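Quick notes on the structure that follows.
Each chain gets a letter, A, B and C, in the order it is written, and its residues are counted from 1.
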Amino acid sequence: MLSLDMFWNRVIPALNEGLFFSLSLIIPSAVIGFLGGVCIGALRVYAPPAVRRIADFHVGVIRGVPLLLQLYFLYYALPKWGVRFSPYQAALLGFILCSSAYHSEYIRGALLSIRQGQVKAAYALGFSTLQMALCIVIPQAVRRALPGCGNEIIYLIKYSSLAYVLTFIELTGHAKELTARSFHYIEIYFTAGMYYLAMTSLAAWLLGLLEKKTRIPGFGAQK
Amino acid sequence: MNEATQQTPVLEARNIGKSLGGRPILSDLSLSVYKGEMKVLIGPSGAGKSTFLQCLNHLITPDTGELLLNGERISPANKGELRSLRERVGMIFQDFNLFDHLTAQENVSIALVKVKKMSRRDASLRAMMELERVGLSRRAGLYPAELSGGQKQRVAIARALAMDPEVILLDEPTSALDPELVGEVLAAIRELARGGMTMIMATHQMDFARALATEILFMEKGAIIERGAPASLLAPGAKTRTQAFFARLVAEESAC
Amino acid sequence: MQESILTICEAMPWILEGALITIGTVAAAMLLGLFLGVPMAIGQIYGNAATRGVIALYVWFFRGVPILVLLYLFYFGLVYQLNPLEFSLFGMQCSISLALSPFAASCIVLGLTSAAYQSQIFRGAINSLPSGQLKAARALGMRDFEAIASIILPQALRLSIPGWSNEYSILLKDSALVSVLGAMELMARTKAVATSTAEYTAFYVSAALLYFLITWIGLRGLRYAEKNFRIPGYSHL
């Protein structure tokens, strides 16, 4: 059994450090990934057919291939083409590409679900296209996409552990290093699992709160 | 009323034509509405009434013809002119089209803030005033999903009125309503007519048209095939298409 | 260029063998998830408070912890820390070997995780059935167990096929993670060959194509099943 002393003085500080590195990946990927997803989702609905097809293809590729393979590609294959990333950069880029593709699915569905009458009514009142998009379409679409996008952020928290296979030592990486020295696999990995569980639960709680805060009668999530 | 406004129509449409996929939907429609008038468009569904109304504020772009607002020609290619046309021409839709994510009051005030650039405070005050006018000030904080159909349509009327439009287009404003809710909406429109609002309205409500229309235009297959004052078109024994159409409507209603 | 094509051709049989292991892993995990997920869904809907609580805890845990951490926890924990499991029973010294192959450990971990997700798919399907179905079965004198087995499940499982398709493609992608345990499936073999030949792009792209192909075949199969088992008047969730 792992001694309590070692647990508090060795394991927890190391995992806390790992947590910091994990968050340094998760937070920017979540924010940029979401914004990217909004852009790609909008392109997939409103852009001219050629652009739409390219965006659909991009999303199809990212959603069809394991994230691990994408990360390996970014980190190991691209240097041969002269593009070199640090492990952090490769992981960040991989997560952003991946989650923006998934977000774009929900955004696209939400945009398609907005009734034409909403747009007509805005134009009839003299709104410009930009005003119509900002005041009518986006507030409605974001609400519809929120549950799906929230799930996506929770997935991102979990998949951030993959950064470790690119040798970026975050939470999982720190746990692995600890076990390599102490052999207390169960205690250490279980504790690391609790860290992730805390992150995902906190995110789920915050997203639920956000959903409740922005809830409007008669405005369900998209199916 | 001075001479000039008497002579210039508030809104004039000249030779509007529109076809879709090679099939003509509207052919050569012209109409002038003067201040305080109410023109009523009548006709079977599919006659093009709704399309024609949406051409009048360029929600649908007509292929041919031109629009004049207070005698000034609107060039639809100019986006600013187009927006100002829409700002000055109000529209009421058959299925309300309230903004689903905004409260009744916000539905009325949002265009005041965004289009008329009013301060938020003034806009909400104005919105409250307009809701009061249609008898809904106590529902101001509710969302569209929490309102009945009749209430939704009255909010839509308040939303259009708040913009101080020079003319309002009404596209079958009571068609999507349950029969018992039609009355409250017609009452609100009657109130507008009494206040001298200029309106063009598509409707199937015969009594309403008879009582309030300055002119009835009967449309079929995208063309106006009969027009005249209700007194002449609906006179007993007039044998007009309009009369026959209404007779059939009444027969269908009583058959139900 | 020609050389790289030759290298790929040489390595392809070995990689395709890995693809078969990937398919085996996914199939095993799907089935384990199905056999655990169905009772969990039923327990969560019809069970008592304690049952519901335990299942909810299970689902919460497996949906909140990364698969990578679960793989390490399960594989290293069992194989290196608890193995061999020794205890005394009636004064006899017992020893059980927990030495799992990476393949077996992967199937179990992916299956346990999938059970958490699949239980929610089935739960949604059961909840979407009209409540009259169970009442009608009870009115005919069926016991609850019979009613669930012969009336509720046949309907709910049909409705679950679209959710299952989704779960399949997620599981297939997650299966790449088991390469970190040294299970020599598609991802692991691709990485090994790519590294040793330095033909990264070619091998990663061909692996991507293989993943697409496996996804496509599986989804076609599920769509076929959906069509084949369709009952008139039932559409998916």
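Going forward, a contact is a pair of C-beta atoms (placed from the backbone, for glycine too) under 8 Å apart; a residue touches a chain by one contact, two chains touch by 3 or more.
Source: prediction; values computed, not measured.
**Q** Assign the assembly's chain-to-chain touch graph to one of these shapes: line, ring, star, complete, other.
**A** line
**Q** Measuring between mean CA coordinates, which chain is farthest from chain C?
**A** B
**Q** Look at the interfaces A-B and A-C and say which one is made up of more C-beta pairs in contact.
**A** More contacting C-beta pairs are found at A-C.
**Q** Could you work out how far the Cα centre of chain B sits from that of chain C, in whole Å?
**A** 58
**Q** Round to the nearest whole Å and give the separation of the Cα centres of chain A and chain B.
**A** Taking the mean C-alpha position of each chain, the two centres sit 47 Å apart.
**Q** If you average the CA atoms of chain A and of chain C, how many Å lie between those two points?
**A** So the centroids are 22 Å from each other.
**Q** Which residues of chain B touch chain A once you look at their complex with the stated criterion?
**A** Within the complex, chain B touches chain A at residues 54, 57, 59, 79, 83-84, 86-91, 93, 95-101, 110-111, 114-115, 142-146, 159-160, 163.
**Q** Which bits of chain A are touching chain B when the two form their complex?
**A** So the residues of chain A in touch with chain B come to 115, 117-118, 120-128, 131, 135-136, 139-140, 143, 216-219.
**Q** What residues of chain A sit close enough to touch chain C in their complex?
**A** Chain A reaches chain C through residues 61, 64-69, 72-73, 76-77, 80-81, 154, 158-162, 164-165, 172, 175-176, 179, 183-186, 189-190, 192-193, 196-197, 200-201, 223.
**Q** Residues of chain C touching chain A in their complex?
**A** Going through chain C, the ones touching chain A are 60-61, 63-70, 72-73, 76-77, 80-82, 169, 172-177, 179-180, 187, 190-191, 194-195, 198, 200-201, 204, 207-208, 211-212, 215, 237.
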